[in-house]
Each structure stands twice: as C-alpha cells, then as structure tokens.
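My structure is below; once you've seen it, I'll send some questions.
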Amino acid sequence: MKPRAVWNPRDLLSAGVIVLTFFLLWELGVRLLDMPVYLLPAPSRVILTLFQNTSLYAQATALTLGEALVGLVLGLSAGFLLASVLVLRPGLEGGVMTLAILVKSTPMVAIAPLLTLWMGFGVLPKIVITALMTFFPVLVNILTGLQRTDPALLDLFRAWHASRWETFIFLRLPSSLPYLFAALKISAPLALIGAVVAEWTGASGGLGRTMWLAYTNLNLPYLFAAIFILAAVGMFLYQFLAWLEARAVFWQVPRQD
Amino acid sequence: MHLEIEQLSHTFAGRPPRAALAELSFAVPSGQFTAVIGPSGCGKSTLLRLAAGLLPVQEGSLRLGGQTPAQAGAQRRVAWMAQSPALLPWRTVRDNVLLALRFLPAGHAARLSADEALARVGLSDSANAYPFMLSGGMQQRLALARTLMLDAGLWLMDEPFAALDELTRERLTHELLDLWQAQRPTVLWVTHHIQEALRLADRVVVLSPRPARLILDLPVDLPRPRPESSPAFQALLSRLRAALGLAAAPAEEGA
Amino acid sequence: AAPDTLTFMAGYKPQANLPFVGVYVAQEKGFFAEENLQVDIQHSAGQGQHLQLVAAGEVQVTTQDAGILLQRRSSPGLPLVSIALIGQRGQQAFAALQSSGLKTPQDWVGRTVGYKGSPPPELFALMAANNLSQDDVQLVNVGFDPRILSEGKVDVYPVFKSNEPDMLRSWGYELTLWDPADYGVPSLGLTYVTSQETLDTQPEKLARFLRAALKGIDYASQNLDEAVEIVMKYAGEQADPQHQRFMLETELADYRSPVTEAHGAGWQTEEQWSALAEMLLKYELVKEVNVAGAFTNALLPQNK
Amino acid sequence: MKPRAVWNPRDLLSAGVIVLTFFLLWELGVRLLDMPVYLLPAPSRVILTLFQNTSLYAQATALTLGEALVGLVLGLSAGFLLASVLVLRPGLEGGVMTLAILVKSTPMVAIAPLLTLWMGFGVLPKIVITALMTFFPVLVNILTGLQRTDPALLDLFRAWHASRWETFIFLRLPSSLPYLFAALKISAPLALIGAVVAEWTGASGGLGRTMWLAYTNLNLPYLFAAIFILAAVGMFLYQFLAWLEARAVFWQVPRQD
Amino acid sequence: MHLEIEQLSHTFAGRPPRAALAELSFAVPSGQFTAVIGPSGCGKSTLLRLAAGLLPVQEGSLRLGGQTPAQAGAQRRVAWMAQSPALLPWRTVRDNVLLALRFLPAGHAARLSADEALARVGLSDSANAYPFMLSGGMQQRLALARTLMLDAGLWLMDEPFAALDELTRERLTHELLDLWQAQRPTVLWVTHHIQEALRLADRVVVLSPRPARLILDLPVDLPRPRPESSPAFQALLSRLRAALGLAAAPAEEGA
C-alpha cells in the first residue's frame, strides 16, 4: 500500500493542460483587448524578459529564497512551540491567541522600519518579518491538529497514566502530522511573499527589491517575471511538501472514491 | 489489589440522561479472576472505565486496593484493555508493544520482552507490519499483548477475545492463565462468551440490562483446566444461561 | 447644463502638496462648480498607480514631479503630458543631523548616505557638483522613513524640503539641509499631468479644471489659515495642521519663479525641461527624451 | 458530553492576566526607556487616542469589517469550491494549485490598478483583494480535510456504490469540518488584513486608509489604535469561530490529557 | 445471486508481501446461507472485501450472479457489513440508518422503515443518540440494522454478532432468519462462533490459516430451528471442531 505518487503521468498532463490554457487565454486576452503593457503584460513578453535577465533573477531569487526559508523555519518553530505550549497548558490559549492576533494584525510595512532600526540593513529584519508572517497559520493548524487526537487513543494514554509530555510526544504530535503539512503548504508560499514584502522598499537585493523597482518604474514585464519565479518556487515547495507528506503520513493514504 | 464497589451509580449527561450503572455493589478480593457478563449496552465497559479512572465516580464508591482509581492508576498498577484495539497507526506492531513498556510501574522490569509478548499472541510474523495491515483479530491480539506487558496488579479486560476464533481463544486462554498464575493480578474480565467465563474465572458476575445491577454472583469452584463436558461445568453453565435468559428477556433495547 | 465630470487623482496621500491644495480649495470654494465641473478627488498610494490610471483614461488629471514624468514617458512610454508646472524648483533636498557636524557635501566622504528605494538623480548631480564620486560615500537603501536619520542609522538622507525637515524638527532634531538647486543642479517640482489622449479629446474641460485649480492655489496663498483648514478636511485627524502649514508655505515659495513672473503661474519652458532631461540622460535614468511633447502651456488661463 | 466552554472562567482569568502583563511590560518599557512616541507609543496613549476618536474609528471599522467579511465569504467560497472540485476530480490538483499559487504570489499592488479600471474606486476592488488573500489557506486546509477521510467510512460508501457527489456531501464534507474551522480561524484575521491592505493603496475610507494616513504622518498612536481595533475584532472573530466549532464538531470534543 | 469463486488468490503488496487467499474455489448457489469460518487473520475479511468490490481481483475469478464485483455492486444488490461498525459520528442513530436508504437498488423500496429496523435490533430507545454514546455491541447492532435495510441479493457479513452477548445474538438470529427467509438473499456469513454457524447456515466453509484455502465444505441439512442438543447438531459440531483443530494446530501466527 504505497502512497499515491504525487505526480503520476495523468496528473502531470492535466496540470500542464490547465496551466497552458490559462496562459493562452491570458495571452489572447491581452492581444485581443490591446491591453497596454504598463497595465498587464502578455505572458510571452514576461517569459522573454525572464530569459533575457536570467542572472539578475537567479541572484535575486537565491537571496529571497534564503530569507524565506530561514524565516519559514523560524515561523514554523515559533508556531509549533506556541501550539505545543497551548496544548500542554490549555488555559493559556485565550491570552496567547490574543497576542498572536495582535502581532498578526500589525501591518508589516509599519514595523519594517523599526526592525531595520534595531537590526540594521541586512537580511535579519527580512527573516524576522517572514517569520512573523508565517507563524500564525502554523500555530492555528498545529493547535487544531494537536487538540483533535483520537479520543480512543487519548483514553489509552490516560489509562497508562502517561504524562502530558509523553502523551504529547507519542500521541498528539504524530497524529497532528496531516495538519502540520497543511500548515506547511499554506506557509511556504506565504514565506516567499513575506520575504518579498520585507524587501519591498528597504533592501539592496532580492526579488522584492527587483519587484519594487520594476513596479515603481511601471515596468510590468520585469515585475511579472519575478511573480512567475515566485509562483514556480512556491509550486515546487508545495509539490515537495506533498511528496514528503505522502511519506510521513504513510498510514493514512488519501483515497479517491 | 482488591476491589470494592459500593452503591456505584453512573449516569451519562445528555437529553435524556442515560443511567448506565445503578447502585452496583460487589467486592473482588486480591488475585481473584472475576468474569463480568451482561447484555449488550448494560454498562460493563462503563464499569471498567470507571475503574481505570477514565470516568469520574459520580455516586457511590469504587476502591482499588483501598485507593481511588486515580491514586491506584498513578502507580501504574492498573492495566486496561479497551473494547476496541486503539493502536497507534504510525508505529509498527513491535513498536506498539514497546511503547507500553514506558508505562510500567515504577521499579518494575518488563516480565516479557516485546518479541516474546508478540510470540505468545501469535504475531511474531507481523512484528514489523503496521496496524492497518492486520486483520481485526490480529489487532485485538496486539492490544492484548500490549496490555499483558504492563505487569499490573489489576487487569481490566473489555471483551479481549471478542474478535478471535475458538482455536486462537483456546491457545490464548492457556497463555493468559499462565501469566495470571505467575503474577496473580486481580482480574475483571468482561465477556459475552459464557463458556469462556466459566473456563477462566474464579467467579462470574452477571449484570442486568441497563442500568446494570448485580443479578447473579456465581463462584466457580472447579479446578483448572475445566473440561466443558464435565457435569459440574454444565451445571454452572445452565445456571448462568438461566440467569441471563431471565435477565434479558423482557428488555426491548437489549439493554 | 449638467456639469461635466472629471476625476482628479492626487499622486499621493492627502496633504498640503501645492497642486493638491489647489484642487481641495477649488472644490471647497466652489471654483470647479463655477466652471460647471464636477470633480471626483481620489488619492494614489504614490507608487505609480495614478500614472497607470491616467494613461488608461480612468483618471483625467493627476500630479507628478517633472523628473519622474520624463522617466515614465521614456519607459514604459506612458503618453503623459504636463499641463502646468506648479513646483518651479525641485522638492528634493538632502539632510543630516546638525549634531553630525557635516557642513558641506564634501564632508560626506566616508559617510553613509541613505536613499529611498532608488537614489535620486539629484544626489548624483549634487555629488558631482562637489567633486565627489559614488565611491566616496556608502549608499544604502533604507526605505521611506526619516526615523532612520533621527536614530542615527544613516548620516545623510534625502528629504522633501516641505515635509521631513519639519517632522524631524518637531521631534527636536536640528538639521543641516542641502538643496541641489543651490549647487546649480537643475530640478523641477510637481506638475499637473494628463494623458495625450485626454489632452486631444477634452482640452476645454482640462482648461477649465486648470483655471479653477490655479485659482485655488492663489486663494490658498492669500488665505493660509483657511487653506490649512481645508487641507485638514482631506488629510484627516492623523495629520498635524502645523505641519501642513509648513508644507504649504514651503511649496508656495517655489510656486513663483522668474518664469512665472514673466508668463504667469504654472508656466513651463523648454529650457527648464531640457536642463532636467539632460541630467536624467547623463545619469542614464532615461534613454531618450522628447521634451517638446512632455509639456504644454496651451491650457493655461493666460493662453486662453 | 457538552462541548468544552470556550471561555471558562479560569481560561478567561489566565487570558486576562497574560494580555494585561503584556501591556504592562510594554507600558513600562516605553516609559523606562523613554521611547519617543514616533518610535513606539505607550499602550495607554494608544487607548487614549482610541477613546478620543471613537466616531472616526467606529466608521472606519464598520467599513473595513464589512469589506473583510464579504471578502472572506467570497474567498471562503472560492477556496471551498476549488477544494471540492479537486476532490471530485483529483487529476486537476497540480494545475489548479499552480494557478492558485500564482495568484497568491502576485502582490496586490500590481493588480490594484486593473481592479480599479474594472471596478472603479468603490469597495468592490477591496472585497476582491480580500477574497484573493483569504482563499489560499482555505483551499489548502479544506482540501486536506476532504482528502483525509476515515478509510473505513470511505469503504462503506464505496461498498454502497455511492456517487462521488454523495460521498462528498454525506462523508467528506462533514468529516472535514475541523479543517474548515482551522481554515476559518486562519482566514478571519487575514481577511481584516486583506481589507486593510486593499485600502492602504488608495481608498477613501476604512481602517486601512486611517492606518496609512497615520503611518505616513508617523502618527503612531493613531496607527496603533487601529491595530488594537483589528486585533480586538480578530480576537472576537476567533472566539466566535471557536464557539461555533465546539457546536459544529460536537462529536469530537478536544480533550485534555 | 449465485457466487462463483475460482482459483481466487490475493496478495497484499509490501515488504514482505502477504498472501491472504491462495487459489480458493467454491461456489454458492443463489439463496444459500453460507457460513465462513477460519482462524484469525486467515483471509475471511479479505474475501468479503473482494466480493464487495473494495479490493481488485488480482488472480483467479470472482463472479456475483455472473458479473464482476464492480458490475454487481453498481446495481446495489450487494450489502456488505464491515468487521468494525464504521458509523458516521455526526449523524444520530436513526440518521445513520436513514442514510443507507439512499443506496437501495434502483426501483426498490425499503422493506423496513428506519424505526422498524432499529426496533428489530433493539435500538429504538437510542434512535436520537449519537454513535459515540453507544456501547460496542450497540454500535454493531446499528451497523447491522443499516445493512439489513438495503434489500440486497447478496449479504456479505463480517462477524456481525462478534460484540454481542448470547441472548442478544439469539434474538437477532430470529430476526435475521425471518428477513432472510422473506428475501432469500445469498449470504456469506463470517463468524468465529461455530454454534452460530451451525444454527444459521445451510453450509459451513472452513478456511485454513493464511493464505486461506478451503479445508472443509460442510453442508448443514437440518431443519430450522436447530436445537443444539440434537445429536445431528452435535455431530456436525464435532466435525467442525475437528477440522478447525487440525487446521489451526501447527500454525505459529494463529494465521
């Protein structure tokens, strides 16, 4: 009973057809409506721009991806730790969630300069912003996963007089894995966006800065080239996570009807 | 570990509330093997869950070796086997058994190794399989192996052989009596199988339909092993059948 | 007859930038109504949306400083035209804390110079005028936030003359300011902008708009208190009337120039635009320019 | 077996203590460090600002909350419909997720002018942006929930030869409710932020505009007053959803050890 | 609906692979009540799952009324009752039964109303309760009621009485035989209870330990009801016991 391959050939085909159709419609729409390039560039033009500036985009992507991944790991850890604390000490949920929502409600653009003041012009504030943007979905999802453990198994652990900690490690944690992966799939593209937002005005490199420059110059092909990269990297991360999930949650294979 | 149940009642909240136990009283001396029999839905599992500390005692009292279920449980001398197998799906068969070893009473070493326990229930070949690869009966045997690792003073067993065929039952009966005679834990053994009760137990307690009351308390003073064909066995069997027939006859709900 | 409608989008948030003030006052004092115009006033976030919307015809008039206007005309080739030059001198200046001891741009050597997103051409021109090369200073992108200067993270920071200096002073910091114009750097401020198509199809409506807006500016220059009050209606309680007044006064100072003395308010000349264009060409911020198409005085009241 | 009260008195107390401690530390920090108000305002000052401008904030909140809720409903519906389609036609997953990530990767500022062109200066583009920001977590979470149905129940429906549609309605949907609620808890604060972001770039009202004006004037008490409102509304929505969840998923009560 | 099983083998993939059925062949004529007995883990549930179309036929053939399991199942004339109750936790007891009514064969009306079905299994009092409020045996009776609603030509029953006490079993046996005699479906009845098999079935099929092979095919030509004490019953019982004792003796894994 092997996990269903994430990319079986038929799925790959249908994915290709859908994506191609979308780009074709977009291309046609732009051409038929004679949409000016400063409002919406045709995808062909975007892809051309991408290929004409590969090294520019490669460097920017490397920087942003690095920030995004480190920030994601931080945000993930923070969300995970908080969720764990809330499951081990359920009374704290109201207070901690209030603070989490307070942090989540603070626009990143408002605190980005403050972070720059404290942490300088380097990558650190970008990583922190990314972490702040990603921790919330992780917190909510893992908390739900940790709480929704099979009651029959919880009874078993209670009858064993397992400590909270043992119940957490041996029971709640593994059974929350599907929620963890959903959280990761939500957070991975979000981390990329977080890094981009962090770089938007205050960075000297990275996709975010490239995008900002492109946008303020109303150079939309450059802007969309970066968006395509973000989407491609996001999709890659998503597929990687789906692949990992199929292996990690091997005992519960999603099945079709 | 002796057991004292006095005027124990339990009612599940809800609309309408459901009374599961009604002023149930009986005592089990330390080391006694007591089978509990009663119609489906009468309150047997509820009784075991109360003893395992999984439900709060609402009315009356339930003492395990003079302690409350929570106190006794905290010393990990109480082993409970649920009616459904409750296996960890992400652990192999062996790892499911090994996990139980963490929950031995303080200072106790395991009496059996995990592999030995698996061998006794006939699961050696499946030690590296995952629970979802096991048949219903194999899952139940795994749950049994896991419970018997615990070296407890009280066994609370909820229909442990329900999913097993006669032959496997017979073989496991031997294994179980071996272990029981070596350790001499007190046993509450819920079963629907009247012969099984008579084969195993020192005493059979028969409960009424819901809410459970004691309707027969039958000592089984036969030396083991107990051939079913013996007249003594048959006499006890008839008494039990009669008690159950009477007990269950008028109820509409099978409970 | 029913009034003609027109959408004006201020190029940034509501505040006392002079071209904004002219529109606010014209709206509140009924100058638009006198021209039988019904003006819908919108605000842009300032990153170029207003230019896209004007080019697309959704908005008829916006504001933009002359330098960026030339750049957007060059790339991506937006068909935009300035119809009045309100800021006869550029808004950009460079600031350092007085406590830094920096006196002249020559003192910048070895210091950190911040910039907002991308370095303004005036910075290069100013440094060149002081015989500094880019390698003499450390340029860092610090975003749009003057607190970076007040908290000492950079030594020199580009500011709008009419804005951040007052803000920083209100926090208790004394500043040293360098205005590129004082070093012969050509610069121009905010203009009213429309698209070539709107200009071709609705010149008469635009002229009426312009007449009312310029009248609004005039009215503001003579009734500062009332103008600030009107601005506050748009800027919201978050804004500081004191600060708006400073902005208005500062920008009014650049509203008049020898050119306007000669030709009247809003006038713009080929020389002014060419000088600016040459600087942009020099620092490769534009590839080619057609200065003649970038502006027109045809709609100004004095031409009607 | 009633659902655990979301706000039992002990939890309420601990929540109060945590939140108060946080604000007290903040207040003390600001006072002891003599933090200038343009860097970080003391919470007391923020709250004062809030109370001195109740009608301003009440109006702005009403507008933004309206946009957020309508946008949330749209985003939720979109995410839900997409997830349903992907469960009914699993082959589409790759293609649809690629497009979803593409949309998710597009900075709203890049498409805001297009939305203005198509929908004008009113609330409609704000609602659309909010919907675009919220649909992704909903999509991922509900998709996971719809896929992770109890295999024993799936077997039952297969043996019944239930149609995909019947399996969806009677089995997958109800059993995905815990994931749906996690998605809602993630998306509710996100919707508020979405509406704020949408207003940030050029609205004529709402909390986003209030925050933008406050921020660009570096009037931080006004900015934080709006953040406090967002957090309070977000918290209210979160608690409401938790309450609803306890009633909707009554058969699976989260239990403590 | 007659059943033809020919050289049916089934092996679960994995490391190592597990053979569950090995070249199993037997045929069940339409309307016959066949009990299937075999040691725990031998492949009984696998056989039923194959017939219900839940597992693909790998080797050999399995025909239901001449059709493949998928074809026969598509007409909804096959009712399968799983070994575990598989109830929808968000539906009341009654609504769990009502749901099954959606899946009647085309053009068939329900033979029983939901409340009647619940009454027959003794769950009337619990019609508005949720599954988590039911005891193990009550859950199994609910699953049974749900299956019997279906008005099918083939009943695939996987230890349907395993969680029930003797008395409830007896009462349900009557209900079941009533229904069976009215509808005359073909039945595959997996059980561990040898007496139950003899009480109910026209024929008992005994399977070997895993992988399952046919080791005894015993017709039960006694008129119903069949008192256990009758010599004919006892004779068949002995034959079955012998077959099972032989079959299960050497196996280590109980399977």
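By letter and in written order, the chains are A, B, C, D and E; residue numbering begins at 1 in each of them.
The working rule: a contact is a pair of C-beta atoms (placed from the backbone, for glycine too) under 8 Å apart; a residue touches a chain by one contact, two chains touch by 3 or more.
Fair warning: this is a prediction, and the values are worked out from it, not measured in the lab.
Student: State which chains count as neighbours of chain B and simultaneously of chain D.
Tutor: Of all the chains present, those in contact with both chain B and chain D are A, E.
Student: Just the chain pair, please, that has the highest number of C-beta contacts.
Tutor: The largest set of C-beta contacts joins the chains A-D.
Student: Sort the other chains by how far their Cα centres are from that of chain E and give me the top one.
Tutor: C
Student: Measure off the straight-line distance from the CA centroid of chain A to the CA centroid of chain E, and report it in whole Å.
Tutor: Whole-Å distance between the two chain centres: 49.
Student: Could you work out how far the Cα centre of chain A sits from that of chain C, in whole Å?
Tutor: 39
Student: State, to the nearest whole Å, the distance from the C-alpha centre of chain B to the C-alpha centre of chain C.
Tutor: 86
Student: Can you list the chain A residues in contact with two or more other chains?
Tutor: Where chain A meets two or more other chains at a single residue, that happens at 1, 39, 114, 117, 151, 158, 162, 215, 220, 252.
Student: Going by the touch rule set out above, which residues of chain E reach two or more other chains?
Tutor: 12, 14, 84, 132-133
Student: Touching at least two other chains at once: which residues of chain C meet that condition?
Tutor: In chain C, 47, 52, 56, 147, 151 touch at least two other chains.
Student: Which part of chain C faces chain A closely enough to touch in the complex?
Tutor: 47-48, 51-52, 55-56, 71-72, 75-78, 116-118, 140-145, 147-148, 151, 153
Student: Please name which positions on chain B make contact with chain E in the complex.
Tutor: 12, 14, 18, 37-42, 44-45, 83-84, 119, 121-126, 129, 133-138, 141, 158-159, 162-169, 171, 192, 194, 241, 244-245, 247-249, 251-255
Student: Per the contact definition, I'd like the list of chain A residues that touch chain C in the complex.
Tutor: 36-39, 112-114, 116-117, 120-121, 201-204, 209, 212-213, 215-220
Student: Report the residues of chain D in contact with chain A in the complex, numbered from low to high.
Tutor: 7, 10-12, 14-19, 22, 39-40, 90-99, 101-102, 104-107, 109-110, 113-114, 117, 136-137, 140-141, 144, 147-149, 151, 154, 157-158, 162, 164, 167, 178-179, 181-182, 185-186, 189-190, 192-193, 196-197, 200, 211, 215, 223, 227-228, 230-231, 234-235, 238-239, 252-257
Student: Which part of chain C faces chain D closely enough to touch in the complex?
Tutor: Chain C residues touching chain D: 13-14, 40, 42-45, 47, 49, 52-53, 56, 58, 146-147, 151, 167, 171, 235-240, 243.
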